Each structure stands twice: as structure tokens, then as C-alpha cells.
Amino acid sequence: KPAFFDWLCRMGDNALVLGHRTSEWCGHGPVLEEDIALANTALDLIGHTQLWLGLAGEVEGRGRDADQLAYLRDAAQFRNLLLVELPNGDMGVTLMREFLFDAWHHACLSWLIAHSQSPRVAEIAAKAIKEVTYHLERASDLVVRLGDGSGESHARMQAAVDLLWPYTGEMFKSDAIEAELVKAGIVPASETLRETWERTVSEIFEEATLDMPEDGYSHLGGKQGRHTEHLGFILAEMQFLQRAYPGASW
Amino acid sequence: MSQEEIAFQERVDRGEKIEPKEWMPEGYRKTLIRQIGQHAHSEIVGQLPEGNWITRAPTLERKAILLAKVQDEAGHGLYLYSAAETLGVSRDELLEKLHSGEMKYSSIFNYPTLNWADMGAVGWLVDGAAIMNQVPLQRTSYGPYSRAMIRICKEESFHQRQGYAVMMKMAFGTPEQKEMAQDALNRFWFPALMMFGPSDKDSVHSAQSMAWKIKINTNDELRQKFVNETVPQAEYLGLTIPDENLVWNEEKQGYDFSEPDWSEFFEVIKGNGPCNRERLGARVKAWTDGAWFRDGLSAYAEKAAARRAAIVAAE
Amino acid sequence: KPAFFDWLCRMGDNALVLGHRTSEWCGHGPVLEEDIALANTALDLIGHTQLWLGLAGEVEGRGRDADQLAYLRDAAQFRNLLLVELPNGDMGVTLMREFLFDAWHHACLSWLIAHSQSPRVAEIAAKAIKEVTYHLERASDLVVRLGDGSGESHARMQAAVDLLWPYTGEMFKSDAIEAELVKAGIVPASETLRETWERTVSEIFEEATLDMPEDGYSHLGGKQGRHTEHLGFILAEMQFLQRAYPGASW
Amino acid sequence: MSQEEIAFQERVDRGEKIEPKEWMPEGYRKTLIRQIGQHAHSEIVGQLPEGNWITRAPTLERKAILLAKVQDEAGHGLYLYSAAETLGVSRDELLEKLHSGEMKYSSIFNYPTLNWADMGAVGWLVDGAAIMNQVPLQRTSYGPYSRAMIRICKEESFHQRQGYAVMMKMAFGTPEQKEMAQDALNRFWFPALMMFGPSDKDSVHSAQSMAWKIKINTNDELRQKFVNETVPQAEYLGLTIPDENLVWNEEKQGYDFSEPDWSEFFEVIKGNGPCNRERLGARVKAWTDGAWFRDGLSAYAEKAAARRAAIVAAE
């Protein structure tokens, strides 16, 4: 049960933190259509956060709801991938991160729908996958168009790949908490998602004329609560009102 | 007036809609472009004051509502630029004029959002005043504009209700929350009144615009209507409108109230509002930083078109 | 007494917020000597904060100490000038802001030492002025050298002046709270400091070959708690630990 | 060995200090430049992990202490670049090598600071290990280096005590604070042990450096000394050193302990540590963004010199 809680926080925190980063673009996008699409993506992710952290709170059974989990845990209790907390960089980095994450997210949700022994988990995954399918299509399309676009857009997209690649390995790295849930048939072993992910990524990169880096060093730790220095600043901002006015109703 | 102009005015008077390809006076076209363009700009600059609180929204639900609202505003911008495009001006041309300062956006967005209750006040007062301006425009003479306004008004009134809901939570919340609500009302009351523009007595364009049904009511009529509707809402919230002269006038069946400080209004229009530099700066920066993105997409579109042409040629 | 508390917060919050902004440069300065000088300036300002807010807490008499005032008030309770909360910009903006503020700060402290009827206020001013004199000398020197330096450094310094000028008027704007204390002989009327300030600024600008802008619109409100949108973000970061772990001892 | 080299070695053996203008072997000079430069770089990069918490320090006093500490580190950088300059290399040359990646800084600064207790752990463990390395270097053969180390060690031991004081507050504080303290110790323990470098058995340079008294003790000696001193301090705090093999060895009158993961050490040196990109990136950005500032000061200095020359010529 603590393992299940932990895993649900991983899912919820990915959505929450990526939603936060995405929402930072609101009103600052390169074209109006992007302003709309980015706000929409952030909105979907906040919706997923409510579902995953809501279930996490139920599983934990200590009366914490999704808001309390989102707003009253400090960085070391967060379980998101390092990838999603990195600064937005330019729109190339933001889109590439979105694409690399979506490709994993889609594979993960697909497995959960098809195989999870937890009906609640399968149900949330089924709700989320519709939106994530759209996110993945949109991100793939833009990666292709910008990768195979102008000289500058190609260079920026390749720089984004090279910057983010060392943070992708964490998606496929198992640990004891996951192993427990894999045994129970609730979640996929992380490494089993790699093949689908790599297929998606290599297909899109080929079309986008982008090089896939060699696998090298991977930055790890997010799933265990060891984050980058960025997460603390995200939370200081996100949690301010709940921290400053404890118990108020909004 | 030429024959064409007379015929045009008769159509407008009969309540017919003017459609894009139909003849219209140059002044009508120009005034519409200015008015629709300015409204479109206001929608996209209007993302910023509320966008300022998205990352700090106090609950996941509030965050989602705020995101949806800001997304709607960008969507409204899109409808309105499309409506303007039917008059022969491209979105990029209009944006260039926004960025150069040649065209304006609503001054209200040059005020800062300083506490969470501002998310309520913006919805309640700013969207409220906008709706008051826009509802009559659903009956405006230009077809595409009228249809855009119908769509927009539906969403705006939803936003206004959401804003009032935030206000209620704050006004009926803890003492600190109530204080924030009052502070928000204090700061937004007069700027909201200014949204209707100075008294029409001083406006040269109004008469012509009203004849063309581009403008339906006078600024003062709308302002009075807004005050009449808003005061009881503030009373329900237990908040005090920051105007010592506010009093019910039995005779006119409406409130008497103080004029806003129009010198402030003109300062803000001149660029001296609290946030003019930040707001326009943020949009210009977004546009400039996004140049490579737009260029990249264009380059791809050209390549893709060339590839398709090559395939067709080979067949 | 509430007026006195309020005025002491103005002094303390100026030091706190400017100290915060200055400290953001730590480790990111253009030369090592600047890293040292900026850290030192920030350190001095935090020291002044402790003195002013410490006295404010005593005057208020509700048991709040300097830390509680610094860490547990929200933006609307802060009384600093808008000038000090503006983002750092480049080093030119940071130095110009420092100079414009120091010139006022020095004039203000000098008055307090010579004339204030509150011995406690005069005593704090006497402590602070040594450091502020040094800050002003250093900032003046750099404004001159950069203003009369290369074409680019001149242009950046002039741009900094033009950006910041509309925020200087607030320093010389009185209000009812101040009037009460002026009557009691505790503080100077804001407008009386303008002459000294303008003399300092115009002398240095002349040497620096910088143009003094026409007086135009002034941004106001900081002293009454109506701030820019920036202050909320400063406080979210600054106050995180105190807000997240109430009552802990550090 | 040449006569000069023999004489030089005899001076070193007698404990004489070598001064800047005196003859020295080229290898001695080069090794010193590398060692002092790397130490200087470590001081300035070392501002960043602690700088990360200045704006979030939990009390005004802690903020002031942290600011003073970071300022001291920059000051140490200044002493050390000055010491290196006496060997004929300018600060700018050394910085260029830092920025290009040709010269390194201490790997410890590539680890992130993730909670407030890290401000304690950095002082206690990182400065503690640094002092352990530096105290013997007060007796190093090169005069300017030796004198810089005396000054630096005094301040560093003050920093270490402050760090330990933060650790005490955290370890004896609320349960959450104690958890942060333990977490900080868990993350910094092995990186601190790595600060002494790999075992000298594997190092080719060590013997020569020791003969020249540029290096005084072996890495393993110093690491053992550090563990012996630190374990009781951790016990006093009620914290657990994250090493299951840690045990007192009566015979050697010291602790047995696990080797750090040297593959991690070499990865971090290669650039793959958690923060290498951020740390070096921040310094390069500071330098690049500051170019106009440095150029402006130079331009002024030239103008001022020309003005003085003109005055002299006119007299």
C-alpha cells in the first residue's frame, strides 16, 4: 500500500509539475494557436493530477485529498521525473520535452488500460489517454515540422534533444517500489515501456531529420524524491497561498 | 451621401447584416477594423493579468478554471482576428500595429493583479463591464462581428459567474480573504468604470458609429447600467464600493456615483499605467522570441508543398 | 503609533527587498570583485532590515520580531518603494537602481541622525549610514565609469535611467502616515529630501555623461502596500520555509 | 637533476619557502598553477550551491550568515587567483580555461543543494573535508600559496562551525527538520569522501608533489582522518552515516568504511554530475553577460588615463 501510494504520486506529480511548467507559457507563446494549445495541455494535465492524486489520497487513507497532496508536500516528497521539472527553455525545449514525455506517457497508460489489475488505475488511464493521445500527436507533428523546418529551427530542436536526452533514462529505470507493484500486476515494469517509446521516438526523429543521441549517463532520483534544484522554486510559487493561509477555503 | 452610401445606410437601418464581400463605406470598414482589432488585442493582452496567477492558484480546481478561462480569451482573440480578416486586414498586420503601439488594447489590462481576489474581481467587474459593452454588439450591423460577439458573450458571462464565485469565497472566507476581496474591489472599481470610455459628450466618433450600428449604446448609458447591476452584488458580498458619493437616486431609478479620474485614464492610454511596459513588453518578447518557431513552420510548409508538387509532377 | 510602525516597515522593507534583489546576483556577477561587493551590499541591507523591523516589532507591541515581520506578512502589508522590487535586469539596471536608492537613502539617514526626535531612530540611522555612505560611493563611482565608458556601457546605463526614472518620484511623495510623524519631528517630509537627492544625481549624471529625464508620470503605491506584480513572487520564494514549517526553529 | 634542481629540492627539504621571483622547476610551477587555479575555480563555483538558498534562508540571521559565507568564498577565489598570478598566469587566462572546460573545479559542487539542511551539510562536511585538505597546505613550500592557505583556513574553520550549528538546529529540530538533516547527510557523505581524490596508489603525480611539498599527506590518510573526526559528530547529532560497513577498528584506532563509488566520481569529472551543466553554464553566462561591464570599465580607464596624460602634457 505505501508502494501503491508512492507510485500514484509518481503519476500525479508528473502531471502536476509538467502542467505547471506548461502553464508558465500562458500568454507568452509564439503564435496565438500555441497559446491556446499550451493552456489546453496544461489544463488536461491538471485534470490528470486531480485523478491520480485523488486516488493516492484514498489509498493512503490518512484523509489527504488531491489538493493537500499537491500543495502541502515539500520537494523531497515529490515523485515526478526530473525531466518534467526542468526549466522551459525555448519553445523547442518545451515541445521536445512534451514529446519525449508524451511518448512514454502514452505507452504507460496503454499498458495500464490493457493489463492493470487495479480497475481504478485502468479507469483513470482510460480517461487520461484520450487527451494524451492528442498531446502526443500534436507534439509529434510539431517536432517533425520544426526539426525538418528552417536551419535555425532544426538546430534548436536538435539542441533540445541533446539537452533533454540524459533525463529520459529515468523513465525506464525500475526500483523496489515499482517491483512490488509489478508483482501485483498493477503497473508495468519501467523497462518494458522502452521498446514502444524508442520506436515512437526514432520514427518521429527520422521524419524530423533529428539525430537520436547515444545512450549515455542518465540523471536519476526524481522517482525517489531526489530532485534538481528547480523543483523547490516551483513549489515555493505553486504552494504559496495554501502555505500562507492554512485552512482557508478558496 | 452617394447613392451607395444611402442604400447602405438603409440596409443598416432595416437591421440587415452587412457581409464581407458586400459594398461598405471606407469609414465603416476602417472603424470596424480599429474596433475589432482593438478588441482582439485586448483579449490576448488580457491573458496576462490572469496568467500571472495560474502558477499560484490555490487549488487544483481553481487552477483548472483559470487555465480554461485564459484559454478562452486566446480563443476570443482568434475569432476576432478572423472577423477582422474578413475586412481585408491580416492578423500579422494587426499584431504589428499592436507591437509598435499604433493600435491600443483595453487600458484595464495595464493594472496589476496583486492578490488572489483579483481573479474574482477581474471576472466580476472587468468581464462584467466587457459583457455590458458586448451584449448590444451581438446586434451590430457587420455580420461576422455580430456572430463573433454572440459566441464570445456566451463564454464571457460564464467567466463573470466564475469570477463572482471566487469573490464569494473570498468575501465570505477568513478575515484575511475578505480583506483581499475589499482590496481588489478598491483597486478595480474605477478602472472598471473607465472601461466604458469617457462620456460620449466629448466623443466625435460616437454619432457616426451609432448610425452604422457599430456602437449601440452611449458610454454613459452602459456605465450607468453597470453601476446599477453591480452595486447590489457588492452589497450581497458585504463589500464597500470605494465611492463616498454612491447613492440611490429614486428619481432616475439608478445610482449616482463619482466620475472616475479621467486624467488617470489618459495617462494609462499614453503608456503610463502601472503595467503598460510589462504587458506590451511581454507580448513583443513572445512575438520576437517566437520568430524562429513561425519561420520553422513556414519553411516546413514550403518544403512539404514542393515535395507534393514533385510527386504530382512525377505521376 | 500605528503610523510609526508603518514608517519603520517602510525603512525595513526597503532594505529587505533591495537586499533580496541584490542577493540574487550572488555568484553571477560580471567580475569577482562585483560578486564580493554585491554580496556585501546585500549583507549590509539585511543587517539594516533587522534593526528597522526589530524596532517596528517593539513599537507595534504585539510580540512580532523582525523575522516574523519579514517572513509572515503578505505583499499588501509590505511598505517598500516599488523601485526596490523591480527585477534586476542587467548589471546596469541593478547598479543604477542602487545608486538612485542610495542617494535617497543617504539623504534620509542624514536627516534622521541630525533631526529625528526619536533617539532609537537616530541611533539606527547612525549605524546604517556608514555602510550606506560606502554603497553610495561605490555605486556613484560605477555609474560614472560605466556611463562614461564604452558606447555600449553608456547606452545601457542611459536605458537603465530611463527605465527606472518613473519609479523615483515615489521617494518624494508624502502621505497622511508620514505627515503624522513629520509633525512629531521623527521623520523628514519626503519632499524635503528631493533637493539633496537631485543634487547628488545631477552631479554624478553629469560626470557620467548621462541625461536626466524630464519628470513625468510617477508610479506610486508601494508605501501604501499597492505593489507591482513582482513582489508576490519575491515573497513566495523568500518566505517558503517559514510558511511551510510554521514554528520551527532554524 | 641539474644543480639548480638539487639546490631547489634542498631548500624545500629544509622547509624554506619558495618566493615568486626565485628559480623553480617548470614542473613545480605548472603543478602549482593547476592546483591553485583549480582551488580558485572551486571557490567561485562553490558560491553557487549555497547561493541557491540565500533568497530562501529561513531567518534574517541565517540569510546574513550565508551571504557572509558566500562572500568569503569569492574572497578566497581572489586570494588564490592572486597567488596563481605570482606564477605568471593571469586571472583571465585561468577563467578562460575554466569556461572552456580545460581546467576543473572540485566535483563536489556539481551536486545540488535540495533542502535547508544542505547549508549545514555543506559547511560541516564539504568545508570540513576542504579544511582537512588545506590545513597541511599552510606548510606548503610555495610562499604565496602557503600564506593564502593560512588566511583561508581561518575562515573555513569558522564556516565549518557555522555549518555544524545549522546541522544541530536541524537535527534537534522538528521531525521534518531532522529528516532533512538525515537526507542531507545521505546525499553528501560519499561525495565528501570523494573530495580527497582516489587512493594515491593509483596516482602518478602524488610522489613528485609530495617531494615538492605541494602535497603534504596522501589522499587516504586525509580521508581516514576526516572519517575519524566526522563519525562522532554525526553520532552527537543523532544522524546515521549512510554506510553499513562503517565500524570502529580498534587495531588501527580508526573507522573502517566503504569506498565511495569511484565510477560516479569519474562520471562527474567527465561532466555527467547532476549539476555540471548548470554550474559551469551559470559561470559562463555571468562572464558573457558581464562582457559589456568589463569593457565599459576598461574604456573608462583608458579615457581617464588619456585625460591625465593630456593634463600632464599641458603643464
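Letters A, B, C and D mark the chains in the order given here, with residues in each chain numbered from 1 onward.
Keep this in mind: a contact is a pair of C-beta atoms (placed from the backbone, for glycine too) under 8 Å apart; a residue touches a chain by one contact, two chains touch by 3 or more.
Keep in mind that what you see is a predicted model, and the values were worked out from it rather than measured.
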{"item": "Chain C and chain B - chains in contact with each", "value": "A"}
{"item": "Of all other chains, the one whose Cα centre sits farthest from chain C", "value": "A"}
{"item": "Euclidean distance of C-alpha centroids - chain B vs chain D, Å", "value": "57"}
{"item": "Separation of mean Cα positions, chain B and chain A [Å, integer]", "value": "35"}
{"item": "Distance between chain centroids, defined by C-alpha means - chain A, chain C (Å)", "value": "42"}
{"item": "Numbers and ranges of chain B residues touching at least 2 other chains", "value": "56, 176"}
{"item": "Sites on chain C at which at least two other chains make contact", "value": "74, 232, 236-237, 240"}
{"item": "Chain-level touch network, classified as line, ring, star, complete or other", "value": "other"}
{"item": "Residue numbers on chain C that touch chain B, as the complex places them", "value": "74-76, 166, 216-217, 219, 221, 226-229, 232, 236"}
{"item": "For the chain C and chain D complex, residues of the former touching the latter", "value": "16, 20, 23-24, 26-36, 39-40, 42-43, 46-47, 49-50, 53, 66-67, 70-71, 90-92, 144-146, 148-150, 152-154, 156, 237-238, 240-242, 245, 247-250"}
{"item": "Residues of chain B touching chain C in the complex", "value": "52, 56, 112-115, 176, 179-180, 183, 187, 267, 270, 272, 274-275, 278"}
{"item": "Contact set on chain C toward chain A in their complex", "value": "74, 232-233, 235-237, 239-240, 243-244, 246"}
{"item": "Of all residues in chain D, those that touch chain C in their complex", "value": "44, 47-48, 51, 54-64, 67-68, 70-71, 74-75, 77-78, 81, 91, 116, 166, 169, 173-174, 176-177, 282-283, 285-287, 289-301, 303"}
